[in-house]
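Got some structures for you, see below.
You will see two complexes here that share chain A, one where it goes with chain B and one where it goes with chain C.
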Partner chain A sequence: MKLLLKNREMLLVVAIVALVALIALRFPPFVTPGNLANVYNDTSILIILALGQMAVILTRCIDLSMAANLALSGMVAAMINAAMPGLPIPLVILIAMALGALLGSINGLLVWKLDIPPIVVTLGTLTIYRGLIFLLSGGAWINAHQMSDAFKALPRAAVLGFPLLSWLSLVIIGIMVVVMRRTPLGRAFFAVGGNPHAAVYTGIDVGRTRFFAYCLSGTLAGLSGYLWVSRYAVAYVDIAAGFELDIIAACVIGGISIAGGIGSVGGALLGALFLGVIKNALPVINISPFAQMAISGMVIIIAVAVNARAEKRKGRVILRKAEAVHG
Partner chain B sequence: MAETQMVARHIPDRLEGRGARLVKSWETLLVAVALAIFLVNSFASPYFLDPWNLSDATFNFTEKAMIAFAMALVIISGEIDLSVASIIALTSTAMGYAVQLGFDTPALVMVGLATGLLCGAFNGLLVTGLGLPSIVVTIGTMSLFRGLSFVILGDKAFTGYPASFSWFGQGYVWWVFSFEFCLFVALAIIYGIVLHKTNFGRAVYAIGNNQTAALFSGVRVGRVKFVLFLLTGLMAAIASICLTARLGSTRPSIALGWELEVVTMVVLGGVNILGGSGTIPGVVLAALIMGMVTFGFGLLNVPGIVMSIFIGLLLISVIALPILYRRFRSH
Partner chain C sequence: MKILKTLLVTAAVSVAMMATAQAETKKIALVVKALGIGFFEAANKGAQEAAKELGDVEVIYTGPTTTTAEGQIEVINSLIAQKVDAIAVSANDTNALVPALKKAMDRGIKVISWDSGVAPEGRSMHLNPSSNPLIGNMIIKLAADNLPEGGDVAVLSATATSTNQNVWIEEMTKVLPNYKGINVVATVYGDDLADKSYRETQGLIQSHPNLKAIIAPTSVGIVAAAQAVTDAGKIGQINVTGLGLPSEMAGHVKSGASKSFAIWNPIDLGYSATMIAYDLIGGAEAKPGAELKMGRMGTVKLDDKNEGAMADPFVYDASNVEEFAKIF
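Now for the complex of A and B:
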């Protein structure tokens, strides 16, 4: 099974390399290391969000409110910075993450304590969080000149030649790998999604595990809120509107099963990178940016069809083994 | 989305009487909520009770409600279709394209319906033919359909629909009753009969409650689901014709975000998002409630986004309250 999982990720790596090679045929400068680093940096926020969504999807839930959470946390971070430019930036980031975690925990509590289906909960909180941004800001924009220089500079600060944003996403990938593979919580995510009944009998609290998954996705959305607002140097009601679907698309392309229990950090990373490469490549190879939406739609459908086939094959292998044992 | 239910189902010794069931039903709760909102609105604004104002208010929900009927059936069968708003966009774009080619009104309607049916068939094939989860498929086609619309239109818009076409969105059948409202009522009756009085309707419930059992009872699960996606595409096309005729123009961003409002309407109407239960009268009531809330807030100059907060809270609380009530009673 491990081999199969590796295969699926290898398939995605091959697809990304082929895609990059295809782009390079039409526009060679795309594959210079500097540009590839830019593409990675541009995809960093999507990667961070996809990792949070992965944890939620693994537990058989879904978080449609991530983009709204991002926008609300980002707006609050920007407003705090505009009101108190002297406040140290790490503190602002912590506030954004705490707010994100709080918003995520509301989702989690509704799913855990009230047993409301996750899609309904996050559909509701998606509109509520978006609306709260309007109530908070009165519909006004926070523009670049209202933000302090330190606030805007942090994601761009170069460390060893790469922007801090890229490093941050790498650190989070590292943390997530450790959490998913080396901690009881990470294993519980898989157990809850793989078979909730079995998880209960092994002493895992299904609801609580889901709650923690939502807290995790909320925290990462809060962090991304600061990163988004400081990177694009503007905050308004509609930032990242519709981005929740890109996040889910990255997970689906990365082979994370929407039925729960199957997926990996590497998959989410590659899925996000695949979308990032497409998004950055279209303008340079003279395809209208308007085509991006249709292409990512096609990619999602193809990816889910390929993944479904891979999952079916796995089922058959197990059956054959069982037959061999009995025969 | 399979959910885990750890609690054993309580099976009563005998069923409650018809009256008791009616009083405790979801629809009764919705009627009460609708009446309350109607009363509050009538007192809050002197303009609310004007027949023409109320008639204008129906445009808030008729198009969404048409889709909600088909969506209710899809959700009862345990699937979901998030691509409906994108089908509206693609259908509207196809009709706009046909206008440029000089098509007349009947031909435009045919183009619209055919596009919607094709989109629905595409969803249906992916879900039933390839056995893919509908939530992911329709997230994909949601991007694809609207994406195609963006490819064709870019940042431009189609206008110049014939005057006879605009009747579908702006015409009145009799006095204050618009064509859209009459269509909404007719479709509500048709869907009510289909879901509650036909074999097809029973099959939809059977599939939603236990797909495997339905299959072994001789229900053609794949075919029923395919028809449901086809119907959703068709209803999105009809809604698109009304909306395009009402606005008189097509942009790729038309009906953006409607899928969430339609799902909200269906869930608010008492349809179980996990499948297996729900009624058309419930959906009709939910449509009326959402329409009245939007209209009443509009009269009071409340911004649209604040209304969406209210709708979000309404969605969560109408589902949470019965759960809390049941928990409170069982202790």
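Now for the complex of A and C:
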């Protein structure tokens, strides 16, 4: 048990299982395999976004503009589809991802070249991107009947019994595992966040690494923009308003240190799942809407408090090892 | 020479005065819950129509970018600075706007609320799009009309603190005994967010297997609920109804997820609010029993709380939704 608790990811798995068990006591159908698959599918977009945010947070930055980027890319995808229903959907998705990457690279450039604090940059671009949606759409909605059937069908298409949306998030998780563990870029994210000064001495360009982290989060936000708009079959200025906080919460719950350098794909995935389970459970366990928000917030703080303790312990262990080597 | 000079100056001054008298257009600000919502864009269309009809009115269409009271207070303060003649507001919060609106009224600006009301001390009158009892009755009637044998229905509202949704649900509950066999089994809140409303609908479908209808008296909620019912393969089993915009609901009426829904005409609402504001600027007094002019919409009679109702909600179904979808 002690070994279990030492590992942040295992701790989260235990917490999620306990949470699901608790929900099952109040509403047994929640734990049917079909419903759990639905919960995963519903959380897929949050998972994809949390993975992008993870890369940014690892480099000691933050991306507050992800939800606005999602909304803008999603709106553009929907408008393109409404104007040209014949355009192949994969092409629309590519455009959304490219736009997302462009918006992300603007964040990255501002942080890299102008050295503005990331929180300020992305707070600014958050507002700019939301404003752009308004300018583009003139405030009008793109509704279900204006989107082509193919546009709406893609995330819902069943492959081996599961919706494509779920599969897509699994593919992204796979890609991110490879990127983080097997590529110089992935290691650079950790190095830059862990100790920027040391990273410079190993030949890593800190600014450029951050730039790439923002491009990555932007690309994933663009992809999520299409997924969001087609899943809910509606696009308007306010879609995913406030969702950036859910994304960051998922990362923090998943043990990704806001101070940078610590985190894992597994952590982000589990953090997102944890939030996803709560979001999907609250409607069925019959709790007053007034209590719901308070409960969500409390759970996040408890999870982070537990994580902070785990982090502290780990820090000490490393120091002791270092002392031992020197002594 | 002196006489000529005096004459010239007098002439110049009087010409200038005449010019200002002609150019003195009345500025009426239409403050909405948030920019970018189809319903309010349509209200603006009506307000512009009223301005055109009146001739000497300039409508300033404004509001915050998200539905917050803080945002509206900022907007109102800037309107006071711009010295507008009247403010017609659809409030995000019943009480929070009162101090800012009081300040406006102290400076001689006529203040009315429409759609979503402000507490009485913060406005001279409130224009309801329809009367609350009529709307409450309409939303349950829409569900009951398609359920001759009765059944379970649930309500998907906006936030738990939304002024108008809560009043409508209250009024609906009052007339519920008139609809035999209709049971309201749950009221859930989607917070006017597409994803939360979608999830709440999924929750309703799960926890109430016999659910026959979902009543969503909010335009974001009804669209999300219709999509969730479609995705769950429950078209035909669960009818989504409530209040929505034709342009946003056209697809869901066509797919059968929604058989019918209602809404007053937001164009008429923006038109009437502007007309009433103009009437007040012109010297009409808003007091209980008074009748204020609303142009082509007739007049509105104020009750003892200085509130008035514009018209009955209008039902849209497969027969007319396409036609209205082009308008708003």
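Definition applied: the second predicted complex is superposed on the first by the 309 of 327 C-alpha atoms of A that agree within 3 Å, B and C clash if a C-alpha of one lies under 4 Å from a C-alpha of the other, contacts with A are read in each partner's own complex, and residues count from 1 in each chain.
We take it that a contact is a pair of C-beta atoms (placed from the backbone, for glycine too) under 8 Å apart; a residue touches a chain by one contact, two chains touch by 3 or more.
For clarity, every value in this text was computed on a predicted model and none was experimentally measured.
Peer 1: Here chain A is shared; do chain B and chain C fit on it together or clash?
Peer 2: On the shared chain A, the partners clash.
Peer 1: Once the shared chain is lined up, is A:237 touching chain B (first), chain C (second), both, or neither of them?
Peer 2: both
Peer 1: With the two complexes superposed on chain A, say which partner A:283 touches: chain B (first), chain C (second), both, or neither.
Peer 2: Second partner only.
Peer 1: Considering only the touch criterion stated at the top, classify A:130 as touching first (chain B), second (chain C), both, or neither.
Peer 2: Both partners, chain B and chain C.
Peer 1: Thinking of the overlay built on chain A, is A:35 touched by chain B (first), by chain C (second), by both, or by neither?
Peer 2: second
Peer 1: Looking at A:119, would you say it contacts chain B, chain C, both, or neither? Reply first, second, both or neither.
Peer 2: first
Peer 1: Between chain B (first) and chain C (second), which does A:139 come into contact with in this model arrangement: first, second, both, or neither?
Peer 2: both
Peer 1: Tell me the contact category for A:196 with respect to chain B and chain C: first, second, both or neither.
Peer 2: first
Peer 1: Determine where on chain A the residues touched by chain B overlap those touched by chain C, and list them.
Peer 2: In chain A, positions 130-131, 134, 139, 237, 288, 290 sit in both the chain B and chain C interfaces.
Peer 1: Sort out for me which residues of chain B touch chain A in the complex.
Peer 2: It comes out as residues 1-4, 6, 80, 126, 130-133, 135-137, 139-148, 150-151, 153-155, 252, 260, 263-264, 267, 273-274, 303, 305-306, 308-309, 311-313, 315-316, 319-320, 323-324.
Peer 1: Which residues, counting only chain A, touch chain C once they are in their complex?
Peer 2: Residues 27, 29-30, 35, 38, 42, 130-131, 133-134, 137-141, 143-146, 156, 228, 232-234, 236-243, 279-280, 282-284, 286, 288-290 of chain A touch chain C in their complex.
Peer 1: Which chain A residues qualify as touching chain B in the complex?
Peer 2: 60, 62, 110, 114-121, 123-128, 130-132, 134-135, 139, 196-197, 200, 206, 237, 245, 248-249, 252, 258-259, 288, 290-298, 300-301, 304-305, 308
Peer 1: In their complex, what parts of chain C are in touch with chain A?
Peer 2: Against chain A, chain C makes touches at 34-38, 41, 65-66, 159-160, 188-189, 193-196, 198-200, 202-204, 206-207, 223-224, 226-227, 231, 247-252, 254-255, 325.
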